[in-house]
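Each chain gets a letter, A, B, C and D, in the order it is written, and its residues are counted from 1.
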């Protein structure tokens, strides 16, 4: 205990003295000169230390948050395209009554795959991926906390996604919906391995998401640049932080429920068997306890995108920083209290229904606060109509509409009529596509220059926006009416006498338009990546720290970590900006700061590239998939997993130049001496 | 953009115990996840109990108390050497840290073995009824953590044994202690629910 | 190249195998206008006659065997054979077969009936359903691939180890090792 | 960026907003007019439950539409202001916004939040009131009907304290106009959901739970209902009809349903009955008054009196029935009825017999 106190004291004295230096303006012309003289040599060494060497093997070993983030984004986007294609096929099937493009078995697999892909393989991962790429840059640090965990997170997510699609093409695609209600998904009514594959996929993605959340939280708490106290954290990072906490408390519910389901199916437990004391509704409670926060897990990062984009393009700080932060946190909390509104039709006690009605309506309040603050920002700012802002305006239109139809459904009587109809399909596509995908596309346009160094084409961008916006409303607006006319969800066809044909045809046409819109985006991205206008460090004149480094950022992110002087870091920056010096360039050193006020506290050498995260992910994949077929897989998988984990954590060789200071240097005596000297 | 040297951090310590370090936050993240998971298992237990007329459902007998209580006692006892280990590690005392780690591992092996017998004390099988399923799952999830934690302790002490005695590895030891405390602490409510609740509630 | 080729072949094989194991045989071809079970199997004799080895392809198919399980209840096989343990009729979950345990023999038993109580279901159960039943009946004694065999029902625990032959002791009885055997 | 391009852009945005508003207005109009029709529409209520809900719905619809238009109008105004402002668009951010304006905006935002809360409170009260009215129909003296959902059809049992007076039918529920009926909902396999949009909200049928729903029709008519919880392969074709008829007619119908099946009236029907009893039909179906007594498939005692076959999928005509018997898997893939290959004359006899089951 004493040792720790000593160290703490020591640190305080050191930083204290340095701050004095900084504030009293001891950074003279000489210091500036010295910095620029050192630069070339230091950059070269930093590059050597941080960059990945070429070759496939080193590509697999990479622990750079930017590489991982980009891979994550690209992979998630590919899954988005696959999920979108499945949706298009469904729309084609539904375009006419009694269409025979798909049979019921195919349709059921496809709609399940669509939902599962969009939720578990696209929406959560892409949001986490944006965080993995951007959070360390925005916080002004050199890598994410736990970089090997980040690599592991990506690999296990990739293996999970591939597994699901391989099995889908083998006709073992899950067919019980992305919600897998028991008993339909239980052992009696879903024979074969389809649902087992689904519940194992849940394991893959939840592990990936949980790992990413832990990284983001630790990064946000400990790796912020000096000066970025809690009240200066960018709204984007707040959003990621709230999302990460929600993941941590929501995902275990689906982890547990999918464990129960797996056990029921594979070893014959009775969690959901009502004849032996189980209860099918237990599944629904557990699933929606995850499933509803899940919606906000997807939506809250989008709030971060919107905040960043609005701030930059209305050329003023967001109106109501504190209100926005608090409303995000409030959304995070209330999001856990609504799950039962997915279960009103199960006939719960009236009192419970009332409670959840009230809670559901209450969540409209923080959303309202957010919308009003942003409108106020635009009102008093000078909006510049670049593509990212267009997508955000699209977000307003669509999300507000979807939010309002959500408020209607909070009411039990209305909910009982529209639940599980196309009205609900319309509603949640309005909130999820409007609330998350539109901001995400805006974010792609906004940060593409940072990630690639080139701008996305504006003209194509506007076409992309227009087609997506029109296509979206054409597809989903008629679904409100279909729902009101009584068309239930998850039907592979309908009878001609129902009169649903025309609106369905319209929706399908809209789906085609949307497809063209997305195709334009792909074209734009592919073309701009090579030929787009060169972006420069800060093409939008934005305020957050990721724009303080080159585009794309060097492997070490910042040659000197920035020191933050205001909430809008770059807008507040003075001409001779102070930076952090003294981090070793031959080591992967990062600076840890204090959680609240972000004063420098200690430094730490982050782990180097490693193949072991891939090994652990692979072993886990083998275990998960194998255990669907034989319990022995747990044994086969555990051994390589254990070996890989030990390899992952094993210390660097002793002769590593960068290795840690030996104990004797930190002996109590030496520390006391240093403390004396500092005084 | 001109820049000037603002803060020189070369004199800062290269490691820190507890919340000043990075790993500590990661461990807390995992603890939050696993606590939530076990709590959800416990909530499921009560949910199923609420649906049942008799609990445990006949003809299932109540679980025995002997071995589970012994396991709990050993678990609680292991906190003492773990605390001593933590103190030694914070003093960067290699010899004592290794010594107490071995004591902890020995206790760990004892309660892993006891845990093996504890499954028999449940007096029910996982595929008998929903009660059996949920108690087996709770104890199974905890046992998984238990075994992992003992293995992890072995791995961490092997760092020290192989001559890696830099402060970083002492930080690892203290963070591992945090996990160990969690394993012990979380078992107390689980024990209460599995063995005491059906008797006294 | 070699690796790619091998991977290709392996995945193609997997594809073939997997498609079959999960296929939902929804559109069963009706055997034109033929009457149900018109095919006679009279050359089959009970007892020690070597069965003709024509594999029942439903034994690879999880869906078909599950259908077999459902029909086993629907057509009230349960009434006499219980859940494999036997009652009025002989048990089905051991490896002892009075009239032969090969798929065709079971097919014949269902269609033709057997002396001492087993009625003939000729004309009452379509061929493909008889094959589904036969596959399920064989899965009870663990004679088909375990990972395609049906799992538990959403019903009372019938205390039957459907998928094992060795297990004589009923498991999952709510009971548990007797106290004398319990390690203390 | 040059000035014309900029004004073009903001004009572009204004055009966009204008078009969007126009589209929205059109859509609202379409919604208000078109959704009121349809035999399965929630906005075409035929009973007090659906009526109350549709009133609540319209209240919410108009308020929400107003809120939506207001929000979009504010947004549009915020964007339109850009052009009127004298200062040029530059890259220099406005890091120190005018304090007075910020204060005014804070007031407006707070006001908007307060209005939001008030609207939500109104909705909440309206919702609770409507909710209460749904439960108000509960009465132990109601006619009791037990509906059991099965993959993929509905078994309907009219309960009576006298055991001999109960009877079963399938996929068609007759109710007397102006009387509340209590539906006891159960499932014998997976979760289904019972829903007749014209009469009221849905209720799930959950194995191991019994749920209750109260229905009342004010107008005579035939209302289509459909399973609303995904229940497997043929979820899409798990429909039924509710026939609301005047009390006398309803009582007559009930009397007829209680009787066992009429014996075959002629030789062909006689033969049809024999075909039925010798074919796979008898393994699953019941015809009261004959040897057919299996209970896993719809009761066919009064098959010919029903409007539809195959769970509301096909009209009950001889042609459809023939197709259904010979190969139902072609019409409704995955349903539990096997193809029944019959010789043509046997099939015709069977159909004649089935058509006689009034």
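Basically, a residue touches a chain if its C-beta (ideal position, glycine included) is under 8 Å from a C-beta of that chain, and two chains touch if they have at least 3 such contacts.
As the structure is a computational prediction, the values presented were derived from the model and not from experiment.
*Asks:* For the interfaces A-D and C-D, which has the higher count of C-beta pairs in contact?
*Replies:* Counting C-beta pairs in contact, A-D comes out ahead.
*Asks:* If you average the CA atoms of chain B and of chain D, how far apart do the two points sit, in angstrom?
*Replies:* Using C-alpha averages as centres, the distance is 50 Å.
*Asks:* List the centre-to-centre spacing of chain A and chain D in whole Å, with centres computed as mean CA coordinates.
*Replies:* 36
*Asks:* Averaging over Cα atoms per chain, report the distance between chain C and chain D in Å.
*Replies:* 39
*Asks:* Quick check: how many Å separate the C-alpha centres of chain A and chain C?
*Replies:* Centres of chain A and chain C (C-alpha means) sit 47 Å apart.
*Asks:* Using the touch rule from the top of the page, what residues of chain A touch 2 or more other chains?
*Replies:* In chain A, the residues touching two or more other chains are 103-105, 183, 188-189, 264, 268, 270, 273-276, 279.
*Asks:* Show the residues in chain D shared as contacts by 2 or more other chains, in ascending order.
*Replies:* 189, 207, 233, 333-334, in rising order.
*Asks:* Pull out every residue in chain C that's touching 2 or more other chains.
*Replies:* In chain C, the residues touching two or more other chains are 24, 26, 152, 154, 157, 172.
*Asks:* So with touch defined the way it is at the top, what topology do the chains form here? Options are line, ring, star, complete, other.
*Replies:* Graph shape here is other: it fits none of the named patterns.
*Asks:* Which pairs of chains touch each other in this structure?
*Replies:* Every touching chain pair, ordered by label, is A-B, A-C, A-D, B-C, C-D.
*Asks:* Any idea which chain B residues touch chain A in the complex?
*Replies:* By the definition above, chain B touches chain A via 1-22, 25-26, 29-30, 32-34, 36-37, 40-41, 44, 47-48, 51-52, 57, 87, 90-92, 94, 126-134, 136-137, 141, 151, 155, 159, 162-169.
*Asks:* Which of the residues in chain C end up touching chain B in this complex?
*Replies:* Against chain B, chain C makes touches at 152, 157, 171-177, 182-184.
*Asks:* Give the list of chain B residues in touch with chain C in this complex.
*Replies:* 57-61, 66-67, 117, 120, 122-125, 127-129, 132
*Asks:* Residue numbers of chain D touching chain C in their complex, please.
*Replies:* 189, 207, 233, 278-280, 282-284, 294, 296, 326-327, 329-330, 333-334, 338-344
*Asks:* If we count contacts the way the header does, which residues on chain A are in touch with chain C in the complex?
*Replies:* Contact set of chain A toward chain C: 103-105, 167, 169-172, 183, 186-189, 191-194, 264-266, 268, 270, 272-276, 628-630.
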